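These notes open a run of structures that come right after.
Two complexes are shown next, each including chain A; its partner changes from chain B in the first to chain C in the second.
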Partner chain A sequence: MNLLTGAIASLLLVPIFVVVGIFLGLLFRGIDRKLGARMQARVGPPVRQPFIDLRKLLMKENMVPRHAIGWVFNSAPVIALVSALLLLLYLPLFGFAPLLEGYGDLILIMYLLMVPAIALAIGGFSSGSTYASVGAQRELVLMMSYEFALAVVTVTIAFIVSLANPLLNAFSLATLAALPVWELAGPIGAIGLVLLLLALMLVMPAELGRIPGDIAEAKTEIADGVLVEYSGRNLALFNLAQDVRTIAFAALVVAFFFPYNIAPHFITLEGSAGMIANAAFFLIKLFIVVFAGSIFVHVAVARFRVDQAAKTYWGPVLGIALVGMALAIFGAMMVI
Partner chain B sequence: MGIDSLKRSLWVFHVNSGSCNGCDIEIIAALTPRYDAERFGIKLVGTPRHADVLLITGPVTKQMKEEVLRVYAQTPDPKVVMVIGNCGSTGGVFYESYNIDGPVDKLFPVDVYVTGCPPRPEAIIEGVVKAWKKLESLEAGK
Partner chain C sequence: MAAEIPGFSGIMATGWSPLMFIGALAIVLMLVIALRSFGKKGFKEGKFRADAFLSGNEPMEKHDVKASNFFWGFFEAFKGYYEKMLAIHTGFVNDYIFWFLFCVSLLLIALCMGVSLWA
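Up next, the complex of A and B:
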């Protein structure tokens, strides 16, 4: 009975997650565009610009090209958005445990992170445009490039946790939130963890399809690539999926490396005041991650060519991740 | 519904129907940080499917007629058509030339004309403001 009421309660929470996720995604996109403009000494659009864009796109005509495979073309954006939102249910947000804790773990999150990218590629292939096919192929090449480094980081984190506590489920997000890896890895391991964090931040732009990793959409080369045939509602859904995935990926970085809560460890606040402090602290952490991994990077650098991206992610980034893995595991073994 | 959000989020697609490139350079100038059109939500997009505004330059040569018509058909409604430069407005220096099928308003209705050879970036931005006014009247008419 208790389990049933619990399940119903979490079902009721799902719409709140959807609304909060979409709101945060659009808000962060707005901050992104504003800050990017300020860094280029421009005034920039208002922070609520993504909300306006969304309303406009929902009002526009939704066209399906003659050569497209209609049902694939129309379902790909929905799949992308749903899987991005689903990610949020498995991640610890605002200092709370994940909503679906116990129903899925890190491995599932890794797969869910891939789904929007695959949906994007499938949508591109199904739209029957050459530009979209080129974009979709690029998306897949990019995915194959960064996925290994991402997996190395993930597995190392889980391995360190399981070394210290063999009895706990190391792939559970709640375990990771309860046991910050920095305390398990020792001084040498901490250097490795810094390298792992660096690798993860380098993967972030490619994962989120932002400059320098936006080669699948490359506006100036292949005319918006995978999205070339998408208009109106479908385009809005893809953009939303991208924004929500930014939040989800940043929340994952926070869960891996900065799971600390501010109350009651650092400031003595009990009950709801503590919760609010934790939520605000979480937003700050999220913003720092998005700023370092996406906003700052896309202003500072230019786009990769597809071969450069593959070389970078298979070469230096993977190297950093592997060295980080070796150091972190070595450090963790020294501690126990 | 939502027409007012269109005003604050005009995505622009740029069609060159055979212009001398003078107008195109001025359009790019209007999008540089100095004029910062993104303040108003104006964004240059790479495909007509994303566009709300078609910026058409050039007098529509015989070679480009089919392409321009196709780009017009590919742009989702509601859309605004802006012609930049004398060429597209009247034919300009190519007036009554044997190899043009323009000006643009022979092919489909044009909402805003920005004249000049080429027009200054300020004039182009003023043209976009006029496109807002057109959208406002659309909204009032409904």
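Up next, the complex of A and C:
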């Protein structure tokens, strides 16, 4: 009975997570654009610009090309946003355990992370446009390129936790949050973990479709590629999905590598004050990850060519992840 | 020092609950459809309005892109690998059976080594 009540209570909180996820996604996009502009010596749009853009897109016409497969074209953005929002329900946010803790683990998260990219590609292929088709295949090529490195990082983290305590579900996000990997890997393993973190941060722009990994859209090459035919509310949903995915991916990085809370260990706050402090600390961690993995990178470097993207993710990035894996597992075994 | 996570239930959390997933999916789907319904529906019909963007060129009946062009980047990135793979795909059954036996032997050796190390 208690289990059922708990499950229903969790489901009742889902709308709050949806609203918070969308708000945070838009806010971080606004900060991203503002900071990116300032770093390029431009004034940039106000932080609230993504909110204005969302409202504007919802007021625009929703064009569906003549040769598009209508139902696929229209449902792809919905699938992308739904899967991005579902991700948030399985991730630890604001210093709390995931909302659906115990009902889904890292394997589910890995699959959910893939869905928005697949929906984007399917939407592109269904739009009956040459540019969108080229963009869609680029999205798939990119996904095939970075997924292996992402899988190596994920499995290594879970393996280290399972080595330390075989009784725990190593793929549970709450377990990872409760048992920080830095404390399980030893000094040699810590070097491996730094490499794994680096690999994950290098995967981040590709996963989020940001420069240098925005080859599927590539405005100046293929005129927005996969999104070229999207407008109005469909485009609004795709944009939202990207924003929410940014939050979800950054929250995953935080859960893997920075699960520490600030209260009551570092500051003596308890109860609701402690929770607020932890939530604020989580937002700071989230911002640092988004800044390092997305904002700074897209300002500092140019876009990959499609062959460079495949070569980079199958070569150096995967190499860093594999060396990191070897060192982290070796370090963890030494500790045991 | 392990982080203390409010609400963390601890040992052996289950892998995946399809019922909870479907429940959460239904709620999120409803909310996203509700958000989508705030947007403007459809568009005004007009000459060329619903044609796919083609840099201002006349719309074509067929505008297919060859698969070799689609996956150009991927093939280009792994040119060395594909050249080697194409060379060993000779079309002779004997060669394919050789590669099959070779790969199975490698897997068996790896498996035996893994089992002996584990034991």
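Operating definition for what follows: the second predicted complex is superposed on the first by the 336 of 336 C-alpha atoms of A that agree within 3 Å, B and C clash if a C-alpha of one lies under 4 Å from a C-alpha of the other, contacts with A are read in each partner's own complex, and residues count from 1 in each chain.
We adopt the following convention: contacts are C-beta pairs under 8 Å (C-beta built on N, C-alpha and C of every residue); 3 or more make two chains touch, one makes a residue touch a chain.
Everything quoted here is computed from the prediction, not taken from an experiment.
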Partner chain in contact with A:53 - chain B first, chain C second, else both or neither: first
Which superposed partner A:42 touches (first chain B, second chain C, both, neither): first
First (chain B), second (chain C), both or neither touched by A:227: first
Which superposed partner A:33 touches (first chain B, second chain C, both, neither): first
Touching partner for A:172 - first (chain B), second (chain C), both, neither: second
Partner chain(s) touched by A:78 [first = chain B, second = chain C, both, neither]: second
First, second, both or neither for A:275, with chain B first and chain C second: second
Which partner, chain B or chain C, touches more chain A residues: C
Touching partner for A:107 - first (chain B), second (chain C), both, neither: second
Where chain A meets both chain C and chain B, residue numbers: 58-63, 131, 223, 228-229, 232
Complex contact set, residues of chain B against chain A: 1-3, 5-6, 8-9, 33, 36, 38-41, 45-47, 49-50, 52, 74, 76-78
In the complex, chain A residues that touch chain B: 33, 37, 40-45, 49, 52-53, 55-56, 58-63, 131, 219-220, 223-224, 227-232, 235
Partner chain C, residues of chain A touching it in the complex: 7, 10-11, 14-15, 18, 57-68, 77-78, 81-82, 85-86, 89, 92, 95-97, 100-105, 107-108, 127-134, 137-138, 141, 144, 167-169, 171-172, 174-175, 177-180, 183, 215, 223, 228-229, 232-233, 236-237, 259-261, 264-265, 275, 305-311, 314
Contact footprint of chain A on chain C as seen in their complex: 1-17, 20-21, 23-25, 27-29, 31-33, 35-36, 38-44, 49-55, 63, 65, 69-74, 76-78
